[in-house]
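We just call them A, B and C in the order they show up, numbering each chain from 1.
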Amino acid sequence: MNESVLSLRNVEITYQLRSGPVPAVRGIDLDVPAGSVVGLAGESGCGKSTVGNAILRLLPEETDVTGQILMQGQDILLMKGKELRAVRWGQASIIFQGAMHSLDPVKRIDEQIAEAIQAHDAKITPKATSQRVGELLEMVRLPARRGREYPHQLSGGQKQRVMIAMALACKPALVIADEPTTALDVMVQAQVLDLLRELQAELGLAVVFITHDLSVLTEICDRIAIMYAGKLVEEGDADTIFTQPSHPYTKALGGAFPRIGNLEDRFTPAGLDGDPPLPQAMPSGCAFHPRCPVAFDRCAIEDPERFPTPTGGTAACLLLGETRSRA
Amino acid sequence: MSAVSAPTGERSARQIAWSRRLRAGKASWAIYRTSGIGLAGLAIIVAFVVIALLAPLLANKSGTLITYVAEQHQPHNAPPSLAYPFGTDHFGRSVLTQVIWGARVSLLVGAIATLGALLIGSAIGLSAGFFGGRVDGILMRLTDWFMVIPWLGLALVLAAIMGKGLVSIITVIVITSWAFPARVIRAQSWAVSSRPFVERARAIGSRDSHIIATHILPNSMPIIFTQMVITGASAIYTESLLSFLGMGDPNSVSWGTTLEDAFNQGALTAGHWWQIVFPGMCIILAILALTMIGYAFDQVLNPRLRDR
Amino acid sequence: MSEPLLEVRDLRVLFHGHKSITDSLRGTTPAAAVAVDGVNLSIAHGEILAIAGESGCGKTTLARTIMGLQTKESGAILLDGRELSTSRRDLRDHRKRVQIVFQDPAGALNPRQTIYEVIAEGIRVQKLPGDELERVAAALSQAGLRPPKAFFERFPHEVSGGQRQRVAIAAALALEPEVIVADEPVSALDASVKGEILQLLLRLRDDLGLTMVVITHDLGLAWAIADRIAVMYLGKIVELGPTEEVLTHPKHPYTEALLSVVPEAGRPQRIILTGEAPDPTRIPEGCRFNPRCPLLADEGDQPIRVRCLGESPLLRSVASGHEVACHLVD
């Protein structure tokens, strides 16, 4: 009996561009138990958005996706047509990056939410639709009458709530949130996160929260998975992953967020030299080794597999495997 | 990447600027080259230009004079043959000779008129987009005014005032063609002017004229080139039409005047198709070629069109 | 060195709306947006001041006005005691001494110029003496791009995000300024890259004695590099003081709320303000924070309520160097 609402097994994703194939995701395993919030963290080019889009098969036709993406036990990658459309929005929905700009400026809010509902239930009556729209708006703490307004009459935070309402329209079991708070001010961000947390608890949603903002993740996630250059480098409990990091990248990432109130972090900004690698110029062995402060000779040759960490997660670092004997 | 990856330390600033232009040019050409349509269009225009330049070698200029061909006893209204591949007209002039020498005028008028229109259009468009506010308001009212002038009426008036001829035609084309590119260039200039690097240029103390020359103009060149090509196509069309209607220079031959003669001599009713088709085809081909080049430019400009 | 290098006195900056046709017919004028409403600042030599706040608080407008890129309604900007006028020559001199680094390095550099030309432009425009090549190389070196000549002929889009921001900083350094205004200098960069740019800014202050004004929405950044911090809300400074003081013992309810929602601050309780910051064309009467002030909501005491609703509070000292603009803090 599979408790996970979403399971990724050895998923590899390669974009086919005119200039050649670009390996964006090079093998990722992920489990999202029902009702839990899993964070997918990483910097630009790590592949996290690609993973998010792949779950609902929203990548361009030509993209190669291998492995298994199991949604409530069924492999999405094998689905077609009607079956696939039923999954999209019915079982899992997505809140895109820059979602606020995805609203149609010439349609009223309630019409747009209604669209999402009607796309999945052709037989629903206008009255029932309108009722559901009202419910959804109340759920995201917007008065129902605001449904009659146009997008430009709403603030950034309010538009984001509308996007959340739309994502919940068909009562999905899983919501993928791709950088939902990135373009918002800290206060509005806090409001939206608060809302998400409440809704998640109330509706028993599973959420995959994709972002580069680590502080947001520790607030809302149960577990966090960190990606670098298309691979998972560490995965673990949200409470311990940054306080007791196992992978050097996790450590460096955590160090990049100064702790206010901690005198040691005054005038000592920490970061890594160099930049995250481009998919077209992937280093040999462990992709992180050129920037790693504790890399040793094998790191340039071997790409580490994932080893268990002391805090109950996994990390892909040769240093963790040092104590084991290798064949 | 390119061969210029590790320059020696001894290069001067001027060399750096030139090597940059060269690299940019090579990069643009590499993209342009991938468009079959663009290459075809370019080939056609180049062919026409070569023909125009080599006209004295290809055909006897006297062959366009009625007196000469009369003396030579050239056949009248002869259909295409080996001796006269495009046939002859009512006066016995070889249509091929007309077309070859006509290329000169048609292309030259087109080029001069386009240059004039784009000089005015760019100056106005760049300024309006950059300065904004009142300057933009005034310039755009001016542009609006010129955009709605009916060019045929203007042509007739000018012909009456200035007399027939190429100067009138060029003037008409310039006056009626600068406004549309000005609008497009203004939009681009405005977009470029809003970008942070323009504000930065102000922040370091640059003068407005310097900013327009160093920042706005180079970033607007792609649009200006495209507008040049589009305006060129319409300039050739307009010249042909005005010449056809009788406003051309009676002493020089262009594709339009060749068509004019053909019609005046009743070529259509008499069935002398070669007198109309060949000059007509040249006009169409030239316009088509320019349109194709414009299309390929778009691909160079817009990276998103490229990956398709 | 006790005299401040850069001073802002009672600065007001307005954005006037466009008069629409209905306005002309009715004889009304559209309301102006008050972006900066009476700001006073005094920045010492070699100091790093952070100006923090959310979008719309006026921090970017303030930065641009300090740069001379924005016209002011009233008030003064003084550099070394001398007031900045609108004369062309004054502006030119000012722009040599005060330079700006923008948020988005990709947008802040002309894509058609090579890195050499980007940096050389400032040198040429200000007609700085000496060998141009050497000056450009020196600026690149100072910004950490070595060997400098390897970067001369590259285009901005050919280098990484962190390197691009270094180019932008080098372009500012080439003019040998005394003050650098950095508008969100690292917000467009990846988390692991931010550190090295911040380290560079600190090094420039230590090695070259540069004074910096850093505009940011990120309080963590202020904690990492700023000596003092000014918190802005809707055009006014609501709290000002040494960074350690203000961010560990915030006195203004807005500062407290901001800190509470930032997990890195480790504050015990999250104070989530309702709604969003109001329109700068419709600034509330009295203390402009009163519609959202959590303290006011709790306050049952009538007299103070009246003050908050009717009187705009002034910045008052509560501890050495620490000033707050709030009626309820006494």
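Quick notes
Criterion: a contact is a pair of C-beta atoms (placed from the backbone, for glycine too) under 8 Å apart; a residue touches a chain by one contact, two chains touch by 3 or more.
What you see is a predicted model, and the numbers here were worked out from it, not measured in a lab.
Chain pair with the most C-beta contact pairs: A-C. The greatest centre-to-centre gap from subunit A, using C-alpha centroids, is found for B. Rounded to whole angstrom, the centroid-to-centroid distance between subunit A and subunit C, based on C-alpha atoms, equals 32 Å.
If each chain is reduced to the centroid of its CA atoms, subunit B and subunit C end up 50 Å from each other. Spacing of subunit A relative to subunit B, judged by their CA centroids, is 53 angstrom.
Across the assembly, subunit B contributes no residue that touches 2 or more other chains. In subunit C, no residue touches at least two other chains.
Looking at the complex, you find that subunit C touches subunit A at residues 54-55, 160-163, 190-199, 202, 217, 219-221, 223-225, 243-244, 247-248, 257-259, 261-266, 270, 272-273, 276. The touching residues of subunit C, when paired with subunit B in their complex, are 67-69, 91-92, 95-96, 99-100, 102-104, 107-114, 116-117, 120-122, 125-126, 132-133, 149-150, 152-153, 158, 171, 175.
The residues of subunit A lying in touch with subunit C in their complex are 43-44, 155-157, 185-191, 194, 212, 214-216, 218-219, 249, 252-253, 255-261, 263, 265-273, 275-276, 291.
Residues of subunit B touching subunit C in their complex: 1, 4, 6-7, 9, 11-13, 16-17, 19-20, 23-24, 195-197, 199-207, 210, 214-215, 218-219.
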